[in-house]
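Written out below as structure tokens is the structure these notes cover.
Chain nomenclature is as follows: A, B, C and D, assigned in order of appearance, with residue numbering initiated at 1 for each chain independently.
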């Protein structure tokens, strides 16, 4: 696999943006592999993802800020650049339901998720054997009403020490405090086991069962201060019928949750997601 | 197509129910074609749909109440019986969006919906040409805040005069009054253009767009006094992305709404739906 | 709706293509609204669709060939350009099953399909009333083994006289001759009522029923000399079970066919499809 | 969980079958929990699955053959009976791709698959660590053209010694001989990584990629003498686009294969599958 650069950018929509960006890469020797842009109608903003082959590119990416500055300034561009072979460091939070954890670890091992997972954090010891199987440190930090603040301090310390860039809540059953969330903006992905915004909050499968829906779902989203209200990254669904018990909903839910969460994590680590307002653009 | 009898029933769950029902039909000469039952775990109730060939059945179905009375009494069974070649009389209510109306009329003509449609009622004249095409009377009854009660009286009169057994709200944009609804219990089907219970009320596509969901839906349900809260009959979904505008959501929504509504109507007229609590059993 | 230009192009992949194209449009005053490109790994080719606002564009599109010639030559680009408000002329071929015809006419009327439909051709008179409803001429040209060549000559004459740019086979049950097909390269779209390449040829629903599949499908594709082998544009599926009879498969199939065919037609008339080898790129 | 009896049966369709079966169970004190039957139109056969609570049932199930004999004879019924708490013994065959193996082992551990897995057999040592993790014996039996007959003899010996009742080919890349297959009629389930009958044989993902399909699939089926032609139990699909490489198809395929195979295995071990001709009835 060749190494390529990935530039994600967002700015007010202006004439000439595509030309300016494509020119910049071309004139510095880059061969563009993918170029996708999006202009949300209402907001008059411009979002884009550009990937180019670094073979023959004439300067080192660490000098990108310097070289790109004139264009960024001219068009008021917010941007970040990375490379395809960079592997971000991801921590997984889990409670007792371990299906998403097991699934993510498997996908990481097979190369489907191009990241490092140096850390699993849990409020229970139950899932430790899965982390052990993959030789990943597993930290048990029990959380109670009383020690929550202290527990979060320990968690954040671990995240900092391990240079974690993405936190994945893989059916982690605790609500993070606002102060925790604020320290990791657009860096925490949660899987909610309903088709949001239906069935916000606790026991969504029970809620779905009681309402008698014919389709259940799961939603991966960035965590923000408002519970289950962050930007939606991906959703999945499955048909259910009157024959399905609560337990069947839970079972069917697991298969959706795994796929939906892993897709969201992959898109994040492959730098395919941009936010505008409370929404996501997914550059596939 | 042979004529068959269809018995729908509901009662407290008791040992021997299947035997009692199957025996009754068999001993009177009926050949059972389909037998499906459901016992919702929690409620300890029993629901079933039995269909049998009437060839060789030894009494006329209009005497069914008399013959079935002992069993019905013994097991406290609520039931209704009908025949497969009976065509219920259906009225369609429509406003300006005519896609569901056109779809239902087409399906009725091709035989997919085994019902009569003697009446289309609308608060606008716009969709009249489609009713004309199928030679169906189209009554325009404008509805305003002021005349609502009177308008509903006219509507109900038309329904009564035409012996209507099912009212289909095919994107009818007026909310029916409680008194209207009470006169047609489990006889009014509505299509709501969202994946209920998400986006209840007005402009669900706008709500879905604003929330940034990745999947949109439609829900067919029986109308009850609480808005968009009746028993769900069927739901359907379609993927959307950041590239989809509001107009695209509306377009994609149309295709889901047509299929979901027509399925709900078909199940109703084929006597495949039973209610328990606020939920439906669909005997496919 | 503003008028915009749409450029579809294909060429060998070369460094600088995105820059050259974006520059060209920008320097002539065009504001790019969408830019999507694709580089199929194996073939080392480059395909793109660019759409730009014509407000302020400095030359008339009919002079595009002249102005674009230097770039086209430099990069060996095959291209075609059109405008968003151009409405291509489409003919629909139909036999007795009229669901796709009815669906396409409805979508055209509501504006979902931005095309003209000056002509419906059929080997049977059955569907005429639907064309009449939309005031579209309906030509009955019976086809037998004996008169096939003559019938096709009449058909082609009608197509030529009406300046038809796209032929849609909406469940047209006759196989077109190679000589017919050659005259309309990538201009004939067919709907096949199976999930190709499964169940090629006659009676795909019967084949699917006999094989006991659990999912049925439909496929829209460009017609080429080899039966049911042309580039696939879109496919759709629906679950079936042992409870579904052949007739149920046919019914469920109709709903898939309508959606799949209409999507393929829309993508074609919106200039979203490019071919490479025997495959399609769909620029959504 | 209460223990219940499950009776699967098949016979020529005759009047009175439902009554005879329901009566038999009722008169011996059984409380029927589920009763589902199917009468495939063409074949005039009758298939059913009945489940009843064994609390209060008046004889031991091992005497079922004796008690049921008169009815079985009268109606020419083929049947088998089992209990809900019986856990069949399942062997998994795997080669190098281990995703289905890992998935099945996980589902077994969490109770989703109510079976014993005393044995994993592979022609490669690669997946051993997963069997080890679950403390399941893993037998490596390499297979070459030369030793195939001998290898199969070893495999069958292991299956017999472990009283295996179901063999699951979880992406096992060897074709079993006819003589192997004949010894396990309707006891071998395979997952084929295409939407059968499309792309039979080797490299279905490559075939799908080359054909340019817009949807890929996976099929779980019973293994019969004809390659990829056995009765289909379950199928699943996923959308793909021109952006998906072969590797993407393989990745997406994995998620479908896991779900489809595990569902087929679950239905088999829960005694929900009956065969008629080359098709399956799934009693959900």
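Convention: a residue touches a chain if its C-beta (ideal position, glycine included) is under 8 Å from a C-beta of that chain, and two chains touch if they have at least 3 such contacts.
Every value quoted in this text rests on a predicted model; they were computed, and no experiment measured them.
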| item | value |
| --- | --- |
| Mutual neighbours - chains that touch subunit A and subunit B alike | C, D |
| Of B-C and B-D, pair with higher C-beta contact tally | B-D |
| Distance-maximising chain from subunit C - centres being C-alpha averages | D |
| Subunit B-subunit C separation of Cα centroids, rounded to whole Å | 37 |
| Set of subunit D residues in contact with two or more other chains | 241, 243 |
| In the complex with subunit D, residue positions of subunit C that touch it | 38, 40-41, 195-199, 211-215, 217, 231-237, 241-243, 245, 277-282 |
| Contacting residues of subunit A [partner subunit D, same complex] | 99, 102, 106, 110, 112, 129, 133, 241, 243, 251, 255, 259, 284 |
| Subunit B-touching residues of subunit D, taken from the complex the two chains share | 15-19, 21-23, 25-27, 30-37, 39 |
